[in-house]
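Worksheet: one structure, shown below.
Letters A, B, C and D name the chains as they come in the text, with residue numbers starting at 1 for each one.
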Amino acid sequence: MKLAFIGLGSMGSAMADSLLSAGHELVVYNRTAERAEHLRRRGARVARTANEASRDVEAVVTMLADDAAVESVTFGEDGIVAGLAPGAVHVSSSTISVALSERLAAAHESARQGYVAAPVFGRPDAAATKQLWVVAAGPREDIDRCLPLLEALGRGVSLLGDSARAANVAKLAGNFVIASMLEALGEAMALSRKAGVAPEAFVGVFSSLFSRSPIFERYAGLIAKEAFAPAGFKASLGRKDMGLVLAAGQALAVPMPLASLLHDNLLAAVARGDGDLDWSVIGRLAAERAGLPPKS
Amino acid sequence: MKLAFIGLGSMGSAMADSLLSAGHELVVYNRTAERAEHLRRRGARVARTANEASRDVEAVVTMLADDAAVESVTFGEDGIVAGLAPGAVHVSSSTISVALSERLAAAHESARQGYVAAPVFGRPDAAATKQLWVVAAGPREDIDRCLPLLEALGRGVSLLGDSARAANVAKLAGNFVIASMLEALGEAMALSRKAGVAPEAFVGVFSSLFSRSPIFERYAGLIAKEAFAPAGFKASLGRKDMGLVLAAGQALAVPMPLASLLHDNLLAAVARGDGDLDWSVIGRLAAERAGLPPKS
Amino acid sequence: MKLAFIGLGSMGSAMADSLLSAGHELVVYNRTAERAEHLRRRGARVARTANEASRDVEAVVTMLADDAAVESVTFGEDGIVAGLAPGAVHVSSSTISVALSERLAAAHESARQGYVAAPVFGRPDAAATKQLWVVAAGPREDIDRCLPLLEALGRGVSLLGDSARAANVAKLAGNFVIASMLEALGEAMALSRKAGVAPEAFVGVFSSLFSRSPIFERYAGLIAKEAFAPAGFKASLGRKDMGLVLAAGQALAVPMPLASLLHDNLLAAVARGDGDLDWSVIGRLAAERAGLPPKS
Amino acid sequence: MKLAFIGLGSMGSAMADSLLSAGHELVVYNRTAERAEHLRRRGARVARTANEASRDVEAVVTMLADDAAVESVTFGEDGIVAGLAPGAVHVSSSTISVALSERLAAAHESARQGYVAAPVFGRPDAAATKQLWVVAAGPREDIDRCLPLLEALGRGVSLLGDSARAANVAKLAGNFVIASMLEALGEAMALSRKAGVAPEAFVGVFSSLFSRSPIFERYAGLIAKEAFAPAGFKASLGRKDMGLVLAAGQALAVPMPLASLLHDNLLAAVARGDGDLDWSVIGRLAAERAGLPPKS
């Protein structure tokens, strides 16, 4: 397919790479152009604006940091809506608010363009090895047209129906479930340590029990070792995502006390200057509340 | 080995069965004697008191409902401490408080008897098919002596060192992590449903992500279907266990806000008359807080 | 003073009345003009737009439902910024977000206009009897100029310094402390009722203890009688205010777990259809979680 | 009346003093006898055991630190039940669990003795100046007989009916409401400080609003100044009391999420070594979670 890719951070670069590897023709755009260099060398064309990137393609994929970044490349005269041809599709892979996803759906529908929400689960290393999992939703015809590109991004795709925002909710819900696990592990290990059980022994028991859940084992290990740098996913981003979960809950009238607890703890991590550490650092907060010294 | 088994509820009966199948010689005791009948038919001797059961055996296993039940068979003239020979071992598999486990350790040490805490993970069906996971701790020589019996109970044993209470903490921590998952799933599905994502679709996404974690899939399915009866593990027992978690946290000075949240929600389930439903019913509470009607 | 008043809900009408009674000259504006009728009869001029109301006055007071309403009368060609003369002051009495207060401060400064945040504590009946308490902040010269009008609104004024947003934070903090009292009373009375203590007896004890705090006594009485309609302050507005508290906390990196708890409970009240009841209805939620039947 | 007083800590000594001043005849007992010296000089007789103190009196008042201390002076051959004449009354003023109060009621009823629960609100300085508030409950005839002594203890008495435990619940509920205020003030001031509002200014606003509530003003001042030593009421005791609140809630099936939050925060204070500071120190925890430096 003839595709555009906007947003070349560590996730976006690897995803764009996957699309090239799958044989798609690619034009890319990033606010700071240097990030596009290695893709240019692999054959991608580099555009100077999001609008320019969006012209003459069948679909444009966006992978950006937050709502503000997605808004800035979508709306306005330099944006995607102004550039995209009728019938072409905007595939939004960023973790954004449900409210913005609804606005994007409406804007593209007005412009007779397609819109698919397709956030992904996985970190940059998973993106690089095509191990992402894609959760996609949107009008059936838009999904159908984009399926080759969605399949090129990762190891599988879940489809969640006609309403694009469903995929955003699922992505936020997924991150929420993972964060819940972090808090549970943190409190459980603080208890275990104070009872004289080494964190490593604790991890051993749990790997036996919840066996073969790689996410679980990975995070249990990080919290046991207090290995929060470099971050796989920053606490500040986790805070942002839990904020989006709560915003969606508020808009839909869904009280979520566990999400509130996680947001408060991630916000505490940010407030004390740990926002750039891995979000599993909330496990360390649980230990501190218990008066445990940091592991050296 | 020559063994006694005390407490023939659905878990205990199946575990005693496994010991017989493994070739051990068994004397059993249960407060209501009828529960012993099928084991008697399989060759077990039936004792009239815990004291009588404990005489002339190398080890006695207890599997009872709560602290009070364990105390009643252990202390006093009809109890295990009075009956057990010096050097013989009490293997306590019940989910009990950390404080009681410490008292048991002290009492048996005074009587020159051995003591091993060996709680198990798994439900009655897992007990019946020898799929339990045993978490054991206690003095090395006691553990060594009991290893054949521990291995006969399930598919594996984790050893957690010299201090028996470590195994009790690990068991409570494990149930706490599972309960955290229930709350997380409940809130996440309430959000998804209100956003128009069917719970089944949600479960599909998550099975792809947290693939091959049977506990996760099982509970996600129960909450999605609101299939809380018959209970695999009752909300009232879950409430009790979270109470034990908080009691341990209090004794060791470990604040556990997520455990507090779970205890409050399980207590709400009990207060409204749902104590006999499966503890995943807290997922239903999350839906109700959001104003969602029950699934019919 | 020559004044404008925008927003003639039950609070605003009574406040405008107080200004007339204090001898100020008044022009008023409300989206639905009928609400202005009784003020017109008392001598106020009725404007057709916020812009028109703002011309030729020394200060314009706004008292509106939420951020969106304040934005709509402030910005744009029909708005206050476009209408107000340089040197004239916008006195914002609405309970709005800290972020919007900062935007208002910046916009008026750019237009060389004054800006004072002056939210009020008290309900419509307090407004009608000039018993409001005003919390004001802003540049000293703006405050000085507006003091006669601020004093005309209620029984006292607290000044919080140069930075207008301080007054908004104080207003939100005040509502937060009141909501905390509601939750505390609700849980305490649920416990008391289940222990056989009649809510009225409970209220009696507490009036003796926390004597002479009218807010406390009033709300304790409402929760004891479950007298939630008609609302003095709606649960939906309480939900909104706790949302503003959390938004301020998020922007300033202040984790507020009690505010999160209150927001979740008020959101639950809204989700189940009780948004129009008095916000003390969260006391009823506490009773329901305990399985208590409603008082008939 | 002929009275005994057991437990001569700072509260008990002052209360015993009040009884002497009111003209009652007094025998006293304290585990460490020196504490009785000043009362002996004022005319009190000093007993060597609780049993001895309880003989030949119309009523015995106990004021002790916790459940264990009350149990130790009440039961056993040296205890009150063994010493008290039929018809004489045990007036229990300690802050104890609802469960123990029920046990005391049953034990004294079996021994044909009276029992009144009469916990008090106020600190040692209030006890010394007869400013305590007494909350009493128990069988009408027992209350009637003890009224002169209850009135001698403080400035007023609230009666809560026939069931003694009602007074214990009311005492715990009262401390819970006060602790809720501490947490609310702590979070509100953390928010205010980060928004640039000095804590003192915040206190000023709130004193205007919640005027004339001395408890409120006192604690707002302590948190604003971070003046937590010497403690008026220790965080470790506050932790204990919130534990008793939760235990009562558990026994009666009353979920209390705000009490859980307070217990977790007071437990965190204890875990980090601040158990001997005033319990308003949880206001400091709120500031720390926000990354605020301590006030010097």
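The rule is short, and it goes like this: a residue touches a chain if its C-beta (ideal position, glycine included) is under 8 Å from a C-beta of that chain, and two chains touch if they have at least 3 such contacts.
This one's a predicted model, so the numbers in the text were calculated from it and none came from an experiment.
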item: Chains touching both chain C and chain D, listed by label; value: A, B
item: Chain whose mean Cα position lies farthest from chain C; value: B
item: Of B-C and A-C, pair with higher C-beta contact tally; value: A-C
item: Proportion of interface numbers common to chain A and chain D (over half same, under half different); value: same
item: Listed chain pair B-D, A-D or A-B that repeats interface C-D [over half of contact pairs the same by residue number]; value: A-B
item: CA centroid of chain A to CA centroid of chain C, Å; value: 38
item: Separation of chain B from chain C, taking each centre as the mean of its C-alpha atoms, in whole Å; value: 52
item: Contacts with 2+ other chains: residues of chain B; value: 249, 253-257, 261, 264, 268, 271, 289-291
item: Touching residues on chain D, where the partner in the complex is chain B; value: 243, 246, 249-250, 253-257, 260-261, 263-265, 267-268, 270-271
item: Touching residues on chain D, where the partner in the complex is chain A; value: 257, 264, 268, 271-273, 288-291
item: Complex contact set, residues of chain C against chain D; value: 98, 121, 133, 135, 156, 158, 160-161, 163, 165-166, 169-170, 172-174, 176-177, 180-181, 183-185, 187-192, 194-197, 201-202, 204-206, 208-213, 215-216, 245, 248-249, 252-259, 261, 286, 289-291
